[in-house]
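Should a chain be cited, it is by its letter among A, B, C and D, assigned in written order, with residues numbered from 1 in that chain.
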C-alpha cells in the first residue's frame, strides 16, 4: 500500500520483510501450498488398474509409474528445499519478485502432468523431452528470481558478499544439464533419464566446484 | 465471541485485526489455500493421452489445453495478488466480509472447471461465454468486498483517503470488460479470448487512468 | 510431551493454547487445510462433457452439478465459519479433542463425494439420503466436540457462562433437521433438498430462539 | 545460509528452532499440507457409479471403498498426530532431518493410491501386500527420523532423558507388525486387514509396555 505515499510504481516498491511479515509469509505459504499440492497430486499418476484378474502382474506392468513418482517426488522435494533456502535468505521483497515467483510456480505445478506422462509413456522421446523442458524452465525461472533478488538488493546483507558469486550459477548448470538431456533423448531415452538423476545429485556440487565455494541455496 | 458480551449481531461485530490475529490469519490462510489448490488443480485439465502411438502429435493436438492452463494460471495468480494487497490493507474485519469472501472464493474455485472446459472446447462459444461469466462474477464479488470494506471502515486509515476514490473502480472496468467479451464471443470466439489478455494487462491501468491515480490494489 | 513429566495419560493432558501456540495453530491449520481442499475439490464434481457437439445443451443438462456445487460450497463454508468460531473460543486443548476433530474432519472430507453423487443422481433417494447422513454425522461430530470442550473446561472463561447454555444445541437442531430430511427424502427428494437450505439458513436462528440467546458459534 | 560462514557442510548445519522460526514452521506447514492433502484426496477413492439404475445397490456393492476410506483416514490421522508430537519435541533441526522427512512424506503421499487399490481389490493379496508395504515403509521412515533426531541432539533437553529409551521402539513394533501382516496376507487377506486395526490401536501400547514407560510420541 506504500506505493501511493511514496509515489513509486507498483512493481518497484520494496517491502522490508520484518515490517510486512504477514505479506511475506503469505507469499511463502502460497508457494509452499503449491509445492505441497503438486507433490501430493503426483500420486494421481499412479492409476488403479480397472477390472484386472491378476492385480500383481498389472501393477508390475506399471512399474514405470512408480519410477516417475519417485523421481518427481525427489525433484519437487529438492526444488522446494532450494526455494525454502532462497526465501530464507531474503531481507526484502517487491511485487516483481512475487510475479517472477508465480511464473516459477506455474512450471512447478506442471510437474504432476509431465510426471504422469513420463509414467505412461516412459519409452517415448516426446514424454522425456517434455519432462526435461519443464525441468529446464523451472531452473531458468528460479535462476531469474535469484538474479533479480541480488541485483535489487533484496538478499540479507550478511549473505550477499558470499552468495553474489554463485547467484544463479547452480541454476545455469542444472538448466543446462536438462537442456542437454533433451538432445540426448533423441539418441537414447534411457540415458537422458539417468542424466536427470545425475543432475539432481551432482548439479549443485559441480556449480560449487566451478565457483570454488559452496552455493548458499 | 464478542457478540454476546457486546450484544451485537453476528454479522456486524467488527474485530480488530491485531487483537484477533489468529482469526484474521485463518481467513487469509483459508483464502490462500483455496487459491493455491485451485491454481494447482489447473494441471488436471492437461490430460495425458491414452494409448496413442504418436505422443508428440497427440500433445500438439491438445495445445489448447496448455493455452488454457497458462491463461488461467496468470488469471488466478493476478487475482491472488490483488486479494493479497486488499487483505494487507485491512485494519479490521467482520463476519459479513468473511461471508462475502466465501462467495468470491466459490467463483475462484470454479476456474479449474472453466479452464478445463476452455481447453477441451476452445472453439466453442459456450465454453468462452462460461469462462467470461465466471471471470466477471469473480470481479464483481471482489468489487463488492472492496466496497463493503470501505463503507464499513475496515480499511487502514492511512490507506483510506487515497484508496476510497478507486474502491471497486478497477473491478468495474475488469468485470465490464469480461461482460463485453461475452457479447463479442457470439461474433468471434478468438477476439473474445484476446480481450481477456488485454483486460488482464490493461484493465488496472485503464482504471488508474480513469481515477487519475494508481489503484492501491 | 508433558505427559511423562506430569504422569498424565496421553489423552487427558491439557495444553494451554498460548504455551503451545505452534501445536494449537498446527491443529487449526490442518483443519483449515482439509476444509480448503475439500471445498476446492468440489469442482471435480463438475465434469467436462466429452466429445459433445452442442456444449451449451450438454452443460444445461448437467445444471444439477452446479446446484450441488453451490449447495456444498455454502455448506462447507458455513461449517468452516462455525469451526473457526469454536476454535477461536478455546483457551486450552487436549489430544482427545484433536482425535474428535479428526473424526469430524473425516466426515467433512466426504462432502466432495456426496456432492458429486448428488449432482449426478439428483433425483435419486439414495443420493439424497447419503448426503443428509453425512451432513447429520458432521453436525453430531461437531456437537460432540463442543460438548467435550465445555465439559473439560477447554473454553475461555469469559465465554463459558454465556456459551454453556447453548453448547451443542445448534448442532442438535441441525443434525435433527438433517435426520428428518432423510425420512422426507423417501416421500419427496425435492422437499428434502429444500429442507437443507432452510436448515442452513434457519437452523442457527431456531437454536438461538430455543435458548433465548444467540449461540456463540 | 550459515553454511559458508561456519564452513560446515550443507547437511550438518544445525538450526535452533527459535532462531529460525520461519524456516522451522515452513517445514512443519509443508508436512501438514501433504498430510491434509493426502487425507482429503482419500475421497477420490470413492467413485461415483456411472449410469446405474439402482444407486443404492451400486453403492452397497462398493462398501469396501468406504472401509478403505475409514481405515486410511484413521491411519493418516494417527500418523499426523505422531508427526505433530515428534516435531513439537524438537529444539533444533538440520537439513538432513528435512531430507529424511521428505522421504517419509513420499510414502505418506502414496496412501491415497494404496487405499484406492484396497477399496477396488479388497479381496486381492496384492492390494493388501502393497498397502502393508507402504505402511511399513512409513513406520520405518518415521523411526529413522526419530533416531536421527535423538542421535544428533535435536530433541529438547527436558524430553531427552525420558524419550531416548523409547526412540523408534514404537515404530519398530508397528513396522514389524505391518511386515508380519504381509506374510499373513498370503494365508488370509481378511486376517491381515484386521491385524492393521489391531496394530493401530495396540501398537503404541505394546511399545510402551516393552519399554516400561509411555512413549512420548
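We take it that a contact is a pair of C-beta atoms (placed from the backbone, for glycine too) under 8 Å apart; a residue touches a chain by one contact, two chains touch by 3 or more.
The model shown is predicted, which means the values in this text are computed figures rather than measured ones.
K.L.:
Which chains, if any, touch chain A and chain B both?
P.N.:
none
K.L.:
For the copies chain C and chain D, give the interface type as same if over half of its residue numbers appear on both sides, and as different if under half do.
P.N.:
different
K.L.:
Between chain A and chain C, tell me the centre distance in angstrom, where each centre is the average of that chain's C-alpha atoms.
P.N.:
Comparing mean C-alpha positions, chain C is 36 Å from chain A.
K.L.:
As a quick test, compute the distance in whole Å between the mean CA positions of chain A and chain D.
P.N.:
26
K.L.:
Please set out, as single numbers or ranges, the residues of chain A touching at least two other chains.
P.N.:
In chain A, 29, 33, 37, 41, 44 touch at least two other chains.
K.L.:
Go ahead and list every pair of chains that touch.
P.N.:
Pairs of chains that touch one another: A-B, A-D, B-C, C-D.
K.L.:
Along chain A, where are the residues that touch chain B in the complex?
P.N.:
Result: residues 1, 3-5, 9-10, 20, 22-23, 26-27, 29-30, 33-34, 37-38, 41, 44, 95, 98-99, 102, 105-106, 109-110, 112-113, 116-117, 120-121, 124-127, 130 of chain A touch chain B.
K.L.:
Which of the residues in chain C come into contact with chain B in the complex?
P.N.:
Touching chain B: residues 25, 28-29, 32-33, 35-37, 39-44, 46, 48, 50, 55-56, 59, 69-70, 73-74, 77, 80-81, 84-85, 88-89, 156, 158-159, 162-163, 213-214, 216 of chain C.
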